[in-house]
Every structure is written in structure tokens, then in C-alpha cells.
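What follows is subunit A paired twice: with subunit B in the first complex and subunit C in the second.
Our next item is the complex of A and B:
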């Protein structure tokens, strides 16, 4: 067996593994977790490793995946947005009411539904960045307010949103792939580039790492926070439109608890609640893990009551493991002062 | 007489790198031992071994001549070893008394023993405070105290529970001269009661006042231990850095500069209520203007106002002769003003980000005209600054700035503004907590940058620094400029008098 050595051999193991640090290692851990979970389910269910099943999972990824982009950005700045589930419900309600009750064309109604999320996001951002209310409090309040508004506007009723063009968003397929999945992947590509190759992305990490230092370096912290919360609201509203499209209706109680799933996926993906750390790749893998877990557990006929338990445990295990690893590397590598 | 503490032939390695190599120190009861060394010399490691945070690889620790194993901070605590760290740990919303007995709250007796005995707690607190001659109200909220008061409470807390050995790590880093005197009073008091003190500091003048002996470490090795009477500044510095520093600590020969460029920064009648009043000054290209004042004199607020962090009430700021409106740091930056803040760890750096990202932070005009940057160019620019300023770090430009020493951190902050291409640089206490070697390095760099046309306004409460690095010196007292001196006119006496509001 002959293999050509392309690179000169490096002398110390530490330099050879130097690239395997921090975010990268977190992501690799996650991918391994994902593979292990898949392997376990594959042994438990014959149906699990079929293309049909993967497309099934794919259809459920879009909403959580898209909303998790906005959540990752917000968490990276050191904030949080609890209102995403309510905003998702609001956008569906606004769209259906404008279409059915006010007679506005569905396309325009959907855009306005999306903009309702943009507006809520902007207001969240304004309260956090300008009025300086703690983001947890701000968005906890808007979670309640927006959910309430969705009920008020719809009078608690489920509204039909039965339109073929609109259904395409949530149920359509292009070349055999769910449209929502394609949109999600495209958004990830765009935002991954934004986060790693633009000034805007870099600034978000800096703001999360140290808002004071960022401000004194000449970054407008206020403007960046406004943009990030606005984006998060908009993406949540977009997720809400996909839900309405999948259900062909809008309900004020749609997407209850979405914030939990989305934050769980994001944190699972290595984003720090303290801000300054996190990658969208990690978030994407986190979304995959949570969704595959749901899917696999359903197939193995484990009671759905246990699914929430398992979801929470996986989150704790993954994040706990990462914390222990960070502690170890800090102790060994940073011990010398 | 056996020594209170002996640490003999201590060795310690991390990852096969020797951090401590055969280091021995001893400490007698009632003695202050100054422990000196540049960052990375091994002081912290030695202290952490004493406190049981790290385990030594070799050597022995003797207390009262008895070999002792300290494997956990709990052991150290039982032996009466107390650490007072640079960063204080306290509960700001609790009272001084509560902080003093934190973890040891007195309980009521009998059936009510699950309840806190508040009167007893207040009494205990009052007792220890009077014992050490400390005049602090035990009922005051910890967060409402000044920095030195908090530090003193921390010391009182540490020694109130049978302290025998107290280790102080840079206790004066954030203190003004009167506060330092207050702290020294407490140290003398402890000494008189037989407590042994290991005192870590970069400030040689303080060490001469307070210590009896000095031990110098360099690169993990014990260099020398001397009685303080036999140690001169030159001598100590040379032992610390291992090479001769051309006596920069005393009379640093700043290149005589007589002609400067155009006026780069002008301030006209700038005022801010309760901070400074009617400040008028000019800084020319190539000039380093030192603004000397005691803490709270208003000079820090002035630079913050110049940089748009605070808003002045009235007055005018001109850059290159043109009035500029500065209402935020972005405005200041656009006007060509850079700002090195007081506390680099909180305000200067994003500690969890790499050296590279910190240097290019918000500096994208050159790197990314369209908002999308090229990593190659970023890396090249970063490396250029690292080389030019001599920023030293283990692991290259991708290492997080929190792992850098104080001096190198400060250079990273400097590099950011130089990368931004500013015309005017505002410096706040540029060498606070920076070791001697890096300090003279930073001074050299500032001088070189000025020679290239940068206008520098340096705020400092370190009189030697002001005397050594400024072409021109202004003094500020209670928010007003009280004197202006050329390099030749200024000396310690004049400056101190002027900055304390004395005759001009």
C-alpha cells in the first residue's frame, strides 16, 4: 500500500490537532451525537433509514430551522427572544384575517403578516436596545401580549387559509424536496456567510462578548440590536406562515412552545446564552438532532409523553458535556498566567 | 526562630512546560515579603500552589517548620492562609457586616438555631472593624463603598478568621495615593500582630515603603531575595527583566522635540457639570500631551466626553481646525479620534475574541469596503501590527485576548486604533497593571507613533509616567486646568502641587 504524504509531517501532536478546538470541536461532537442517535434508531425501526422517512423529517425541519436562525443571532448578541412562538401565530392570524375578512389579495396579506413579525421584532429591539429593558423580560412580556393579540384578532377562531399557491410554501416540493426545507437551507447558506464574512456578523459576536468594549471600539450597539431583533421577529413570522400553509389554516394557539424547541436547538448547537459564542452550523445540527429524535421516538412507539423527557435530557447531556470539556481545556491551557 | 512559612524547591509544569523550577521562598511572622516578577514569571502559580488550587510537582511546604500538604483551598483556609485577589468577590447588595461573616453567619441558640442572630452578627462585624482601626459603617451596603473600602472589607474579612499568612495580589492597582496610605495602615496593623504577608505588586515605590524583603522570580526561577534596604530600583528591574532597561523608570530621555506639526485636536471651553469646566487645550501632530491629575480630577470624564461616551454641556471640539460634532463613539472615530479606555478588560477588549478579531474590530473601511472582508488581508494587517508593536502571545493571532498579559492586551487595544488610522489618540492610564518591561515597550511605541505624526493626549495619575513620556504636561484639579509645563520645566514637586490645587 502506498500513500503519498502530501503535507510535511508535523512535529507535535498539539499542532496537528490545533484546528480541532472550540467551535469546531463542538460541531463535531454534535454531528457524532446525531450519527449515534440515527444509528440507534436504525436498529430499532426498519422504516427509520428510508428516504421517505428522511423527507418526512425534512418537512418538519423548516419552521424550527428558520426561526432558529434569528434566535442564534439574538443569543450571540447576549439577548434572547421568547416571543417567537407568539409571533409565528400572529403572522398566520394577520394573514388569514386580511385575506378572508378584508379581501386583500393573499400574496399581499402574507407579506403584511410577515411584516407584523418585523414590527414586533423591531419593538422588542427598541425596548431592549434603547429603553434597555432586560431582553428576557421584554420578550416574556411580548410573548404574552402578542399571543393575546392573536386571540383578540381571530376571536379565538381557526381561520381557513386554503389556497393552492399558499399551500405550496409549506407542502410543495421541488425536485422531490420540500419547499420549506429548500428555503431553510438557502437561508442558512446566506446567514452563515453573513455571520462569518461580514462586518455585521463579526460585530454581533463582539457585542455579545463585550457590549462596553464594542461601543468604545465605535460599533453602534443600539443599531445592531435593533436589526437583530427585527430579523428574529421577521423570521419567526415567516415560520408562522409556513405553519399556516402546512395546516391550510391559521390558529391563535399555533406554535405554542416553539420558543422552547428553538432555544433548545440553538443551545444544543453550541450557542452560549451568555453571548459572544455560537455558530449557525451548530444550530442546524441541533435542529436536526431534535427533529430526528422526535421522529425516531415516534417510530419506536415510545409514549409521546416520554419524548419531551428525552428531548430535555439530550439537551442537558450535550450542553453539560460541552461545559465539562470547556472547563478542562481552560484549566489545562489557561492555567498558566 | 523558625520561619512562619517556607516553600522549598517548588517545581510545577503544565503540558511539559516548566512554570516553576526549584523555587524557594520563606516568610517570617510579622513580615511583608514582596514577590516580584513580570507576568508569566510564575508568581501566580506559586501562590496558587500555596492556596491548594494547584498541586506542586516537587518540593515541600513547611508551616512553623512542619511539613504540610495543601491539596485543596480548604486545607489552606484551615491553616490560616488567606488570599486577596485583584478581582474582589463580594455581594454588592448585602451590608458590610453580612459580607464580613458570609458563610459563617452566627445563629441563634436553642430551638431557634435555624435563625440568623442579627445583633450578634453586627457585634462581630463591629469588633473586627475596630480591631483593625477601620472606620467603615458595618450597616452600609457593600456596593455603596469606594473601591478601597471594599478592598479593606475584603482584607478584614480574610483576617477576621485567624489569619496567619495573607497573600495580596496587586492590592493597590485601582487605588489613589491617599487610599494606598490607608491600606498600608491596615497592613502595618496586621504585621504588628504577627501576620505574615506576601505582597505582589508592580509598583516599586510601594514595595519600598511596605516590604522588609523582596523576592524576584523570572521565567519560573528564583532570581534573588534581598532585604529591601539593599535593593535599588535599577537592581530590581534588572533582576525582573534579565536585561538592563536604560533606567527608564526615572529619567527617561524623551527625544527632545521642539517643533511639532499642525494642531490636530483643539478643545475650546469644554464644560460638563460636576466633571470639568472650561477646558481649553491643543494637541499638535507629533506631540504627546500629558494630562496629570489625581483620580476624580475630571480628566477621565474629559477623555470620555471627547470620545462621545459622555456628552459635554458646552464648548467646542475641533479636529484639524474643523469643528466636529461628537455625540457617540462612532462620531469620534469618524472624526479620527481613538480611545484607549481605563479598564482594558471590561472596556477595551472583547476577551473571548482572538487577537486578530480584536485588532480589526470595527476597522472595516480598508478590509471590507463592501462589508464583506478578505481573511487574507485581515491576517496580513494583523500580523503587521503584532510585529510592529511587539505583541507577544503563545499560540499566535488566533489566541483569545483573555490569555494575554496586561501589557500585550494594552498593545492590542492600541493596534486597533492604529489600524483604524486615527489622527488623535486619547489614552487613559496606558500602563495600569502593566509590568515594567512591557511598560517601557509601550512608551517607546508611543514616542515612535508621535514621531510619525500622531497627536496623543495621555491621561495619567502616574507621575513618573507623565514626566517621562510627555512633551508637554497639563495638570487638572477639580475639573479645571491648573497648570501647563514644558518637559524642561516639569518635575514631581511642581506637578503634585499643581494637581493638588496648590499655587501655580
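Our next item is the complex of A and C:
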């Protein structure tokens, strides 16, 4: 008979803090950054920490927040989608033209507007995954083509979309909370579950880490990329509908530069431009940081020129600190997670 | 702060208009003949861009006026909002042997180079909206255009808000230099000089609209929570689109009744908002881009036939409100129903 003596479990300092590595630490760093920014603005403006102001922040971050979900998925696979701003503009233009000029009911027109984004996303995905054109080139081209189409379809005009039911999407409230915020949070919950607890989500990280290894492991990279770009286009179009709803109008010039704000928020949230790394919780905090920064700087009446400088600096600092932390972790043998 | 901005923008506006004060008109020869006078003319028109309704209307007006004149052929080019393209277009005009050029381009640095080429060839130029050295200037009188809107808003506040306001939101475009700055200063002056009780300096909020509806929606959404007690808010905006963003933000915050807005342009999207029942868009100063050509083409023929033309020719601005919009745009499809009532 053999007996085995189990050694008492020793908790070393490194194992005690082992959970606090990788993405979790990045998220905690971001949350701390967010809290510090809020604290600074609270000392500068007595209205910053009011419920009304936070509801306003919630109302105005829905668009970037929703589009950033799709962008995170695409970046995790190692791609990028620069066409999201153009797609957002297109969905509003398609909706308004179908409603005002073709007499299609607004609800159906909005669905078709959304599907226009789905189609563009699918085409982007096809060109990237099947034809194998570089995602940067593909989506740079579609950025230009789709924006041009929006101008052609609208003849360069801003069209009003005055309909109370439609305006509810971007301006309405349920139980005191902005509808666009509720939708955004719901989408984050769904996609966080998908990314964390499904094979599909795990496959996206694998593809971003190494597409070739993923293929050898039996993952259909083509199918996954098609789905991801299609989702990104659909979410961008949905963001465009919220913009049109908030402004009660559609314009071909809408959402110019949205892609850069969304990429900034996503990267700020810890998603790697090289693919294989990133979380939606991080992206969500990144979106909040950028929006609160704009909100606080406007309320404290800082010149918009300085606002651009501060926004860029915060992005650099947050990403820079994260890189330094990762290097230190590697050096100390902690390994990356 | 406002005083300094006012002085700076007035100085810059004066400097720009001053730079354009030397017209490039036809020169009468010593024998009394006008060397540039002909039976018919080929005039090049390089448009700012074809992507904006405003500039499309300018082009249509120029083509219409040329057809009306009967002896003018227009050669078109698109500057695509780019100085290098404008220079290439200028070279093409010279190669095609045009008699005169109408330039609509934004780049000051390229403006100098373009004008030196035209001067060398003896080609007279009319510059639209953005002055070019040696060209006759035609375009908006930005300060006056702003003043008209500001005066109208002040008159409305005097009548409806007991001559005062709790806050003034200025949706400007600081990165675009002195031209829009003059427009904004005109609006501020129009309000402050005519309101029975001018808005306190600390209640004037300068906000960067970035010339988009979304950005004006965001910045106004951000500023409204910081002025919770303001129940009478005036807003002046750089154009119609920005005005629509301001109104949307106030409505989304449940404060639509507390704001009244004026803008610049009075384009179709603005007109649609102005005529709405209970609209918070009082009106906008009209620039009438569709009529530019009907002043420019006769002026250009005068230059070519050596008749005197003022160094700067300004658009006749009007403040467009629900009361008078039918006088100017009553025949358009958009307003047909409203104006028939």
C-alpha cells in the first residue's frame, strides 16, 4: 500500500497575484484611468458628476460604442475596417431615400438601411477572406466607394427624417436611461458572452494569433472572416441609424472620421492592432474614457485645439503604459496571458 | 476674450479683403481700344468641388448666366478642394487659351502661384469667396451676413424673452481661419448690440462645431448639463447643418423649448426646419449661390470690355425666416405646399 502525502499548498506572491495579469490588469488600469479622469473633471466642474451629465454621456456614446464592437472583432482577427464611417453614412442615406422618395414605410426602410451595411461588410469580408486583398487596402477602397455612393444617392443633400418613432431610437429613454445606451450595453453583453464562452469567439483569437496555424487546426478562417466583417458592417450601419435618429436627418457627410475614433477607443481598450488580443470590456471602458474626456474638456471650456492634443496624449499614455507593463512582465518571467 | 477675438477677426478679414483690393481688369490701350474685347468669350470656371450642394448651385448659376449672355462659352473644371488640382486646372485653362477665369479654390499658398501664371498670360480672374491676390473678389460679405442673423435673433429675444438670454452658444469653426470667424463675430455683435440686456461674457460659450451635425450635437449635449438654470438659450451657428445638430441636442435633452437658433446658408435642409410649426430655427442668412453667376458673368464681361468693376463685389444677403422664405424659394418643390397655404 502506498500512501501519498499531499504537500500543503503554498501561496507564493506570484501565484497570489497571478489572476491580475494580462487582459484583467489592462482593464483595471483602464478603469483606474477612467476614475482619475472623472475625479479631475469633478474638481473643475460642479456639474460634471451629475446624473443629468452622465445620462448625456450615455446618450452620446452609443454610436461609437456599438461600432467599436464590430471593430474589436475585426482587429482581434488581425484585420481592420476603415469603412465604418462611410457605412454609417450610407445606412442613413439609404433609409431616408427609401422613406422619403420611394414611399417605403420607415421601419422597413431602416431595416434595408441596416442591410446595406450588412452587404458592404460581406463584400469587405469576401475581398479580404476569399480574394485575399489586404484588409487595409480593401476597406480604404470601400471607405471611398461607399462615401461616394452616399453622395451620389443623396445628391449631396441633407435629408430630414422627422418621425417620432424613429427619433425614439436615438433620443428616447426607457426607465430614465437613454435607449441607445440600453441597446449598446445589451449588445456588449451578447458579444462578450460570444467572445468568451463560444468556440466561435475562441477561434477569432486563434485566427488573429496565427491564421495558418488556425487553418491547420481545422478552423475555417474564410468563414470566420466573412462573418466578422459582415457583423462589423451591420453594426456600423446600426450606428448610422442611431446618428440619423439623434439628428432626425441623414447626410452623406455624416460620421466622417468615425473609423479613427472607434479604432482609438478599441486600441485604448487593449486590443492589439496585430490581432489575437483584446477584450470587449476593455473596448467599452476605452469608449467611456474618450467620451468622458470630450465631455469634461468641453464643460471646463478648454479650447478644441487642446482637446485634440489631450485625446491623443491619453491614447499614447494608456497604450504606452500597457506596453511597458507587458515588457516588464516578460522580463520578470511572468509570461503573457 | 471676445474683444480680442473680435479685434483679431476684424483685422484678418480687413487684411484679406485689402489684399484683393487691386482688381485685374481689362486695360485700355493707348489708342483707346480695349484689347481684350471680342464678340464672344471662352471663360474657364474652376469650381471648389462638385460634392457640395452650395458649389453645385454656383456652377449651375454660372452656366445659366452664360447661356443668358449668349456670347459666353464656359469651360468647367473641378478643383476638388485641393490646391495642387487647382494649379493643374489653371495650367489647363491657359493651354486651352481661355479669355478669362473664374476661380473658386481654398488654398492661399496655391492662390499666389495660380495668380502669377494668369497675370503672366494677361488673363483676368474673378475669385469666388476666397480672395486671391490681383483677382476681383466676388463672394460673401461674411461679417454683414453674420450681423443680419444676430440682429434677427436679438429682435426675437427682445420680443419673446424680455430682451435677455441666460446663455449664448456660439457654434464656430476655429480651424478655418478668418472668413468663418468674421461670420461668427458678426452674429455675436448683432446680438450683443441689439439685445436689450446683452448676454454676460461668462455666459457666452464658444464651441467647435467641426462643421458637422454630429459634432454640434455632441458639444451642445455636453454643455447643456453645465447650464441647468439657463432657460433662455440663444445659439448662433456657422451653417444650417450645424444648426440642425444644435436643435437636435436640445430636443434630446428635453430642453427644446429653451433654445432659439440662427444660422448661415438657408439651404434646403435649413428651409425645411425653418418652416416647421414651432420650429426653434428662427432663420438663416441667405447666400443665394444660385445667383452668383448672374453677377459674376456680367462683371467678367465688363472687365473684358474694359469697363470699370469694383475690386470687391459682394453678395446681397438677406435673412431668411418663415415670414419671407416664400419670397425667395416659393417656387421650389420643397416649399410649394407651405407657400401655397
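General remarks:
In the analysis below, the second predicted complex is superposed on the first by the 323 of 337 C-alpha atoms of A that agree within 3 Å, B and C clash if a C-alpha of one lies under 4 Å from a C-alpha of the other, contacts with A are read in each partner's own complex, and residues count from 1 in each chain.
Going forward, a contact is a pair of C-beta atoms (placed from the backbone, for glycine too) under 8 Å apart; a residue touches a chain by one contact, two chains touch by 3 or more.
Not measured: the values here are computed from a predicted model.
Because the two structures share subunit A, they can be overlaid on it, and in that overlay subunit B and subunit C fit beside each other without clashing.
After overlaying the two complexes on the shared chain, residue contacts for A:52 are found with subunit C alone; subunit B is out of touch.
Superposing both complexes on chain A places the Cα centres of subunit B and subunit C at an angle of 130° as seen from the Cα centre of subunit A, in steps of 10. After overlaying the two complexes on the shared chain, residue contacts for A:248 are found with subunit C alone; subunit B is out of touch.
In the superposition on chain A, no contact is made by A:44 with either subunit B or subunit C. Once chain A of one complex is fitted onto chain A of the other, the partner contacts of A:29 are absent, as it touches neither subunit B nor subunit C. In the superposed model, A:294 makes contact with subunit C only, not with subunit B.
Counting residues of subunit A touched by each partner, subunit B versus subunit C, the larger count belongs to C. When the two structures are aligned on their common chain, the gap between the nearest CA atoms of subunit B and subunit C comes to 32 Å. In the complex of the two chains, the subunit C residues touching subunit A come out as 51-53, 56, 174-175, 205-208, 210, 212-214, 217-219, 221-226, 228, 240-241, 244-245, 248, 251-253, 267-269, 272-273, 276. Here subunit A touches subunit B in the complex through residues 14, 197-200, 202-203, 205-206, 209-210, 212-220, 276-277, 332-337, going by the rule given at the top. Residues 45, 47-48, 50, 52-53, 56, 59-60, 63, 151, 155-160, 162, 170-171, 243, 246-249, 251, 253-256, 294-295, 298-299, 301, 303-305, 307 of subunit A touch subunit C in their complex. Touching subunit A in their complex are the following residues of subunit B: 14-15, 17, 19, 39-40, 44-45, 54, 307, 309, 328-330, 332-333, 339, 341, 346-353, 357, 360-362, 364, 368, 371-373, 402-403, 416, 420.
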